[in-house]
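Some structures are shown below for you to check.
Two complexes follow with chain A in common, the first pairing it with chain B and the second with chain C.
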Partner chain A sequence: MNAWITQFFASYSNIIDLCLLNSLIAYGLFLALSANMFSLATGGFMALGAYCSVYCTMVLGLSFAPAVFAGALLAALAAAAIGVPVLRLRGDYFMLATFAFTEVTRVVALNWESVTGGAIGIFSIPRYTETWHLVLAVAVVVYIAHTLRRSYFGRAIAAIKQDDVVAQSMGVNVFAHRLALFIASGFICGAGGALAAHLNYFIGPGDFGLARSVDALTYPILGGVNALAGPLVGAIFTTLLPEVLRFSNQLREILMGALVVAIVLYLPGGAMSILKLRWPGATARETKLAAATEQAQS
Partner chain B sequence: MIGAKLEVWQIAKRFQGIVAVDSISFVAGAGRVTGLIGPNGSGKTTTMNMITGLYPADAGRIVLDGVPLNGRPPHQVAARGVARTFQNIRLLAGQSVLANVMLGTHLGHRQGILAVLARLPGVAREEREAEGRCLSLLDEVGIGHLARVPAGALSYGDRRRVEISRALAARPRLLLLDEPAAGMNHSEKEQLGDLILQISASGVTVLLIEHDIDLVSRVSDHIVCLNFGREIAEGTPAEVRSSPAVIEAYLGRDEDA
Partner chain C sequence: MKRSVFALLLSAVGAMAFSSAAMSETLVNIGIVQATSGGSAALYGVMQKNGAELAIEEINASGRLGDYKLIGIHQDDAGDRGQSVNIFQRLINQEKVAVILGPTLATSAFAADPLAQKAGVPVIASSNTAPGITDMGDYIFRTSPPESMVFPGVLAYVKRKYAPKTAAQIYGIDDTLMKSAYAVHKKALESEGIKIVATETFQKGDVDYSAQLTKIKAANPDILVIGGLAEETANIVRQARQLGIPPSTGILGANAAISNKLAELAGDAADGFTVGSGWFIQYDSPKNKAFVAAYRKKYNSDPDNFAAQAYTSVYIVADALKRAGGVSDLKKLRDAIAATKDLEANNGSFSFDDHREPAVAPKVLVMKGGKFILAAD
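Entry: the complex of A and B
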C-alpha cells in the first residue's frame, strides 16, 4: 500500500504540483471576482513575480523564501499602481485595462534582454519549489478567504458585489475594499508566478500572456465564485481534464471547449452548484424558500 | 442619543440640461420628523441623493450639525451618522434578513483586519454584540421571526421593515426614509407610522419622503412641499395641507393633474 502511494506521487507529482499552483492562482482571482473585478492582469502579475524572484535567486543569490516574497511584493505594488486609476473603470473597460497591463508586461519581458533573457527566456532555474510549499500557500489563502468571508469585511465585500450603492450608503469604502482585494490578488498571483518559475526550470515571455490570464479567470468561474471550494474544484478540474482526455489529441481541445460551454450554460453558479442539486438538505431548503416566496407574492 | 440638525441651503442639480432640483432650502430640526412631499419628479429623491453624497450637488450647501457634507463620498456621509432607505427596495435578496441588517453595523466594527485574521476573542465578541443588536432591532420592527429567511422571500411591507432595520443598525443621527409606505396596505401604513414616531422618540432626526399625505401629516412636525425642483410651501402639516400652492400642485387648476 505504502509503495503504491509512493509510486502514485512519483508518477503524478508534476500534475499534483500543477493543480496546486493553478488553485493558488484561482484563489487570487477569486478575491478579485468577489468584488466583481474581472481581471486579466494575472499574466502580468505572474510575470513580475516570476522574473523578480528568478533575478533574486540567480543574480542576487538570495534564498528562495525572500525571493518569492520579493516577487509577490513587486506584483502587489504593480497592482496598487494600476489599481488606483483602473478601478474607477467599470466592467469591460476594467478588463481591457488589465489586459493592456498584461500585454505591456509581456512586451517589456520580451525586450529587456539583460534581465529577462528576451524571447529566449531564462533557462536552468534552480528547482526550489516543493509540493508542500504549494500546499502551504493554498492553505494560507483558503484560511484568509474563509475567515474574511465570515467577518464584517466579508459582508461589506458581498454587498459591494451585489449592490455597491447599498454598500456605500452603509458606510463601506467601496474603492478601498476593491483596491485592497486587487492588491491581494496581485500578491497571490505574483507569488504563484515565483513558485511556477522555480518549479519549471524555465520561464519565457510567452508563459504569461493573455492565455494565462483567461485560464486563471476560468478556474473560479467554472468552479463557482460563491463557494469557498469553487476555485479549487475549478482549477483541479481544468488542469486534470486535458490529462484525462489524452486518449485523443485532436478531440482534446474540442471536448475541453464543449465542457466549458456546457458548465457555463447549465451550471451558471459553477461546478459547485452540482452539490446543491444533490444534497437533500439543500434541496429541502430551496423548496421551502420557493414556498415562502409564493406565499409572499400571493 | 441626540439627533443631528440638517440644514440644506439652495442646493441644485441638473442632469444634462434637465433641472431636477432648481433651488431647495430647508432645515430638518434635531430630533424632529420633517416630511418632504411633492408630486412625482419634483426633486425629492434627487435631494435625498445629494444629502447622502450619491450625487454631488451642483450648487448650495448641505450642513449636518455645523459640518458641511458637500463633496463627501457616500461612505463618509454615512460615517457622520446619516443612514437611509431606498425607494426601490435594495436588499441583498439571496442573503438572510439578519445578514442584510448586519451590513448596517459595518461602521460600528472597531476590530482591524489583522485581529479578524488572528481570530482574536474581541472579534467574536463584537460580532455577537452586533448580531444581538440586529436581532432585537428586527424584534422591534416586528419581524424577529424572519431573521433567518432569505430577504428575497419576504413580502413587500416586510422588506421595507428590513431596510429600516438595516438603516437603524448603523445607529444614525439622521435617518432618511424614501417613500417607506409605497406598496403598503392601510394597516401596514399605520404600523409604519407608529414605528417612525418610535424612532423619532428615541432621538433620531427623521427626514421622510412620502406620497401618503395622511401618514406624513400624522408623523411630521414640519412639512416641506416641492414642485419642479423648488419648495412651494413649508410649515406645520395643517398649514401645508391648506396652502393653495400645494393643492394646485397635487390637484391641478384647470387641467387634470
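Entry: the complex of A and C
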C-alpha cells in the first residue's frame, strides 16, 4: 500500500502541484470577481512575482520564503499603482486596462534582457516549491476568503456586487473596497507566480501572457463565483481535463471546448451549482428565502 | 450471433496474448513526447512522432533486436510545459520507459528534462536546437544539430561564393529559437571578420518587413542573414527582393527555416537562399532513400528534417540497446547511447560527441527552383 502511494505520488505529483497552484490563482481572481472586477491582470501579476522572486533567489541569493514574499509584494504594489487610476473605470474599460497591463509586462520581460533573459527566458532555476507550500498557501487563502465573507467587509463587498451605486448610497466606500480587494488579488497572484517559477526550472515571457489571464479567469467562473469551494473545483477541473482526455488524442481540444461550453450553458452558476441540484434541502431553503424576500418586498 | 463473434474475438485476443508471452518477448517502452495539438508546435511534433513510429515499426519487423520488442508510447503535450512535466513523470514512474524521445519545444525540455536526468532515464531530443539543452545533464542527448554546428559551414560556403565584407542581420526578438540563432550568426560573422552594418528585429507573426528592409537596403550589405522560422523567413526573402535588394546580395537563413513551406511562400525570390542542415530529403544514400520511400508509403507525404532526426533517434536507441545487452540497467543504456559512433543513419554516419551533441557532417543547402539542393562549390 505504502509503495503504491509512493508510486502514485511520483507519477502524479506535478499534476497535484499544478492543481494547487491554479487553485491559488483562482482564489486571487475570486476575490476580484467578488466585487465584479473582471481582471485580466493575472498574467502581469504572476510575471512580476515570478521574475522578482527568481531575481531574489538566483542573483541576490535570498532564501525562498522572503523571495516569494518580495514577489508577491511587488505584484501587490503594481496592483495598487494601476488600481488607483483604473478602478474608477467600469466594466469593459477596466478589463481593457488590466489586459494592457499584462501586455506591457510581457513586452518589458521580452526586452529587459539583463534581468529577464529576454525571449530566451531564465533556466536552471532551483526547484524550491514543495507540495506542502502550495497546500499551505491555498489553505491560508481559503481561510481568509471564508472569514472575509462573514465580516463587515464581506457584506460590503456583497452589496457592491449586487449594485455598486446602491452600495455607495448606503455609505460603502466602493473605491476603497475594490482597491483593497484588487491589491489582495495582486498579492496572491504574485505569490502564485513566485511559486510557479520555482516549480519547473524555467520561466519565459510567453508563460504569463493573455492566455494565462484568461485561464485564471475561467477557474472561478467555471467552478462558481458564489461558492467558497468554486475556484478550487474550477481550477482542479480545468487542470485535470487535458490529462483525463489524453486518450482522445486529436479530439482532445474539441472535447475540452465542448465541455466548457456545456458547463457555461447548463450550469450558469458554475460547476458548484451541481451540488444544489443534488441537494433538495439547499434548494428548499433557498426557495423559502426567496419567498420571504418577496413577501418582505411586497 | 453478435455475442458469439465477440467471444471468438476475445478468445483470439487471449490466444495472441498467450503466444506472445510464450515467445518470452521483452517489451521495451519508449516514451514519445511530441506536441500533436496546440498551434505551431504541432507542425514539428507530428513530423517527429511519425518518424519515430515508423522507425519502431521497422525495427520490430526486422527482428534485429531478437527478443526485444519496442513499444512506442506517444503522449501529446500540446506544446505546454506543465503538461510535458506531467507526462515525463508518468512515463518515468508509471510506464517505466527505457528512454524518452522529445519533447518538441526547448522550453518544455528545460522544465521536463531535469526530471529524467534525476531519475536516470535517457532523453533524446530531435527538434531542440536552443543552446544549453545538453548542459542539463549527462542523460540528455539530441540528434538535432544546434545552429552553432551548421552555420559556420554555411558561412564558409558563402564566403567562397560572395566574398562578403559586410552583412546585415534581421531576427525575431520574441522567440527563443530565432533569438539564439541570431546570437550564433553574429558570433560567426564577427569571427570571420565580416562587418555587421545593420541589425533589425521583428516579432513572430509579422507580415510586413518593408521598414526594416528599407533600412537594410540603405546600408547596402554584401549578405543578409535572417534569424527566423520558415514563415517569417519566406516573407522577408520575398519582400527583400521586391524592395530591390539585388540577387548579388546573398541571403542566409537559420536551420529552423528549412521547410517545404518556404519555397511555396517565397516563390522565385527564394532562389539562391542558403541554409545549413543535418539532413535534407535528396541526400544521396541508400539508407536515406529507403527512409524517404518508407515514410511516403506510410504517411503519403514527404518527411522533413525533424522526422528524419526522430527516425534516427530510434535507431540510435536500438543500436545502443543491443550493445548494452538490454534495458535492465538504464545507466548501461545511457553509456551505450553516449558511445554511439559511426552509426549508419539517414544523414550519413552518426556519432555523439563528448557533449552528447550530434556529430554529423553539416550540409549546406541552396534553394533552386523551389527545392533545396546541396550547394556545389
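Rule of thumb we're sticking to: the second predicted complex is superposed on the first by the 285 of 298 C-alpha atoms of A that agree within 3 Å, B and C clash if a C-alpha of one lies under 4 Å from a C-alpha of the other, contacts with A are read in each partner's own complex, and residues count from 1 in each chain.
We take it that contacts are C-beta pairs under 8 Å (C-beta built on N, C-alpha and C of every residue); 3 or more make two chains touch, one makes a residue touch a chain.
Just so it is clear, the structure is predicted and the values come from calculations on it, not from any experiment.
Once the two complexes are laid over each other on the shared chain, residue contacts for A:E253 go to chain C alone; chain B is not touched.
Look at A:P242: by the touch rule set out above, it reaches chain C but stays clear of chain B.
Once the two complexes are laid over each other on the shared chain, residue contacts for A:G91 go to neither chain B nor chain C.
When the shared chain is aligned, chain B comes close enough to touch A:V166, but chain C does not. By the touch criterion defined above, A:Y201 reaches chain C but does not reach chain B.
Once the two complexes are laid over each other on the shared chain, residue contacts for A:P126 go to neither chain B nor chain C.
In the superposed model, A:L148 lies in contact with chain B only, and not with chain C. In the superposition on chain A, contact is made by A:G118 with chain C only, not with chain B.
When both complexes are overlaid on chain A, the residue A:L18 reaches chain C alone and has no touch with chain B. Overlap of the chain B and chain C interfaces on chain A: none, as no residue is touched by both.
Within the complex formed with chain B, the residues of chain A that make contact are 144, 147-148, 151-153, 155-156, 158-159, 162-163, 165-174, 289, 292-293, 296.
Taken in their complex, chain A has these residues touching chain C: 7, 10-15, 18, 110-111, 118-121, 123-124, 127, 200-202, 204-207, 242-243, 246, 249-250, 252-253. Every residue of chain B that touches chain A in the complex is listed here, in rising order: 52-54, 73-75, 78-79, 83-84, 86, 90-92, 94-95, 99, 102-107, 109, 113, 116-117, 119, 123, 127, 130, 149-150, 152-155, 158, 166, 170.
Taken in their complex, chain C has these residues touching chain A: 36-38, 75-76, 78, 80-83, 85-86, 89-90, 92-94, 107, 110-111, 114, 130, 132, 136, 172-176, 178-180.
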